[in-house]
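Two complexes are shown next, each including subunit A; its partner changes from subunit B in the first to subunit C in the second.
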Partner chain A sequence: MGQHTVTSFDEDLNAIDRLVHDMGDLAADMVVASTRSLVETDAVLAQRVISDDAIMDARQRELDDRAITLIAKRQPVAQDLRAVVGAIRMAADLERIGDLAKNISKRVSAVGEGSAPRSLSHSIDAMAQSVVAQVHEVIAAYEGRDSEKLKLLRAADENIDIQYTRVFRELLTYMMEDPRNITTCTHLLFCAKNLERIGDHVTNIAEDAYYVMTGMQLPLYRPKADETSVAD
Partner chain B sequence: MGQHTVTSFDEDLNAIDRLVHDMGDLAADMVVASTRSLVETDAVLAQRVISDDAIMDARQRELDDRAITLIAKRQPVAQDLRAVVGAIRMAADLERIGDLAKNISKRVSAVGEGSAPRSLSHSIDAMAQSVVAQVHEVIAAYEGRDSEKLKLLRAADENIDIQYTRVFRELLTYMMEDPRNITTCTHLLFCAKNLERIGDHVTNIAEDAYYVMTGMQLPLYRPKADETSVAD
Partner chain C sequence: MHMPTDKIVPQSDLYSRESTTARTPDENPLPVRVKARDVSVFYGQKQALFDVSIDVPEKSVTAFIGPSGCGKSTFLRCLNRMNDTIEGCRVSGLIALDGSDIYDPSLDPVELRARVGMVFQKPNPFPKSIYENVAYGPRIHGLARSRSDMDAIVESSLQKAGLWSEVKDRLHEAGTGLSGGQQQRLCIARAIAVSPEVILMDEPCSALDPIATARIEELIDELRQNYTIVIVTHSMQQAARVSQRTAFFHLGNLVEEGPTDLIFTSPVEKRTQDYITGRYG
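Moving on to the complex of A and B:
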């Protein structure tokens, strides 16, 4: 890298944390753009999200490489080791969020053929906004070392599960009303499910960040408000 | 843990590889059991799969801990480092396979209320058998250091995508025929999708194993035969 090797552990870790930050921003952008591409049937925007996923993958690889090199070089223990391993785990969840956003955008052409009822687009859009807020907040709480905020965030995932259950039922109703809605609604169902799963990944990130900060696990129990028994 | 510290890198790595093997066996068992619980509406078996997922999670944590300790302690480079990092990645994919199997079993009660047509159960069962064979084969190819087999396995995922597309269309047909099928078929759709995603995780494992063995990436391009544009 041509750098002087005076770089301290903290400097190396800061570089890794900057990558977590960038991946968090990219993940949130991808969720916003994927939902917009779906709701507005915007094929160009959908393609951009699909391309962004390659950037996300490259950043995760870079983060992993830096983290493994750091562990091998400095042999960190305790809090320092937790910080590096925590960053690897958070990056894996952020990469999965990017994947899920990409998969929403991949359905844009299939959904475009049908017509989603206006109220349904609204429900999905509202769900996406909650999810995006969660992504931003978990990264901010990690950077601000705000462990109390992380606890609240994890609980807030319930709200997303409730929104998902509502969208799920709304979709079933449309399918039952008119069989011509079935194909479109099936694709929208997967999109809503992907948003719900993004919420689960935010929860994972909150748990990892909490562990990095405190060395303790958040209590395992988390009430699951997704009543469609479709937790994933 | 009262072992003498003469343990060589290879011995530590073998212990990690045994965990990969165990996780592979458990993953395959969980896929078999989850599909059986679904097709036969067996709530007891479904509960066992849900419990198995906790075992899977514990094994992944153990593997991660051992791998990180090994990297910190021995500072491996090149092939040795690839082997440890590869094991971490494979374990992450196996854990995801366990999650997906668990989520199939979580739907058993919801599906049980309706009645899945016989031919449909057969299609899902056939798909699960292909997926389980892939899980076993990828672990065997990794253990046998059979890089040629890994290439074939990755290509075989196309077959699973084709089966998924068939199940997807079959489900849409049932939904359109009779609105009373919609709720059940929606749950089955998610189950089939989970099987398809398990196939994708096998592909990831094949790619990681190939990298461990050869230090090279399998070519990035992989034809995607899932025509429902629901790649995930």
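Moving on to the complex of A and C:
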């Protein structure tokens, strides 16, 4: 895509795009660190994730300010408008991913007081790896303007839902085996739910990025495989 | 179940024609008021417009956008044969109003221009009173049988143009004494006075301040209930605000036409995208 006649318009748009990339990288780092802190009961790493969340929030505010100012000053249309609105939405999802990662890290001390979580968290570890891969891939696909990849990513969220169901059953089994596991397993269950929610935010980001790139909305239907919820 | 026949809008032949124009139909197409097919315009040897085909739907606003010299004003002026007055100008192709060819030699251009009114870039009231500015058209077309008929036409035209309350106590003062925005609304009242079907507007707000512009835009939106409006504008935001369909011209070609919402969010053609986003060199 060519340059705007007004070059400062390009600079404003690029600044917003850079913030999305920065937030994306930070979100991926936070998810990696939070799951590692959980599995390895690493309180120092957990603390870093908690303080990273403040940086994430500040970036989101900066992005919102820049986006609002750009709309007010330049009245973007077509791809420019989609890029700005898409950035606002993606930033909101990235910020939520940061919150959820922080949430996982906050539980590290609580989980650590119980029995060693490592033996209980094998399947969470596997699930976390899938989620981290999804976060990395959605950021890469956005940076690489790869709309086909985004479609696949959105579909791949199903795997995370399946893994969540598996973790849920596994933790339930541990709890039934030994009631002393209940506290730890409940914390781990919340962590797994947070990971599952992160997967949903990745899906949102994939949908927004796809719209930014193509101007078309992905169809509403998306496979659902989380069988633990009875509400729907 | 049968639909009343007058509600059925047949799919336009536009979409089955071979053409370089990217077209997107409306979800619920309105009946077509003006139909243009393969319209080319030459100024002497120079071709200014190349095979433009488009449908202008009734009771809606169609905006023509594009850089200077793209042919949008040339095409607009074809729609009421304003180009007839230009030496060496030749128009080919078909332009039909309500199904009849407006370039039919038996058709009186003066009659045509009563049906297809025009508002220009610079407000150009006659050097006469406000009343006479509006009464002129109905008088030459014999639309008023009596003085009270004429008074009624003048009042209703000024009402529709949103000017009545501002001028009703000074109808016999000079039209040229009004502010720019009022003069432009007077010109719109003058165009409306002969009960046209179509109103052509050639950059009607480019000489006006933002508030006068907003009033004209509000007026255009009201007029759309009863008239078919075609507007040429250099302000993309104005096209986005006032029109239901937008046509983008470039180098004498109609590049793309479609619903305004679509053109300004996800245009089909890269050239349209580049122009509306400010990337066109």
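Rule of thumb we're sticking to: the second predicted complex is superposed on the first by the 217 of 232 C-alpha atoms of A that agree within 3 Å, B and C clash if a C-alpha of one lies under 4 Å from a C-alpha of the other, contacts with A are read in each partner's own complex, and residues count from 1 in each chain.
By definition in this document, a contact is a pair of C-beta atoms (placed from the backbone, for glycine too) under 8 Å apart; a residue touches a chain by one contact, two chains touch by 3 or more.
Nothing here was measured: the structure is a model prediction, and the numbers come from that model.
K.L.:
Does subunit B (first) or subunit C (second) touch A:162, or do both, or does neither?
P.N.:
Once the two structures are laid over each other on A, A:162 reaches no partner at all.
K.L.:
Considering only the touch criterion stated at the top, classify A:175 as touching first (subunit B), second (subunit C), both, or neither.
P.N.:
first
K.L.:
Go through the superposed model and pick first if A:215 touches only subunit B, second if only subunit C, both, or neither.
P.N.:
second
K.L.:
Contact-wise, after the overlay, does A:133 reach subunit B, subunit C, both or neither (first, second, both, neither)?
P.N.:
It touches nothing on subunit B or subunit C.
K.L.:
Any idea whether subunit B or subunit C touches more of subunit A?
P.N.:
Answer, by number of touched residues of subunit A: B.
K.L.:
By the touch definition at the top of the document, which applies to A:9: first (subunit B), second (subunit C), both, or neither?
P.N.:
A:9 contacts subunit C only, not subunit B.
K.L.:
Is A:78 contacted by the first partner subunit B, the second partner subunit C, both or neither?
P.N.:
In the superposition, A:78 contacts subunit C only.
K.L.:
Considering only touches as defined above, state whether A:190 meets subunit B (first), subunit C (second), both or neither.
P.N.:
Only subunit B is touched by A:190; subunit C is not.
K.L.:
Residues of subunit A that sit at the subunit B interface in one complex and at the subunit C interface in the other, please.
P.N.:
Dual-contact residues (subunit A): 75-77, 81.
K.L.:
Going by the contact rule at the top, pick out the subunit A residues touching subunit C in the complex.
P.N.:
Going by the criterion above, the answer is residues 1-6, 9, 75-82, 214-216.
K.L.:
In the complex formed with subunit A, which residues of subunit C make contact?
P.N.:
236-237, 240, 264-267, 273-274, 276-281
K.L.:
Which residues of subunit B touch subunit A in the complex?
P.N.:
Its residues touching subunit A are 64, 68, 71-73, 75-77, 81, 85, 92, 99-100, 103, 106-107, 109-110, 172, 175-176, 179, 182-183, 186-187, 189-190, 193-194, 228-232.
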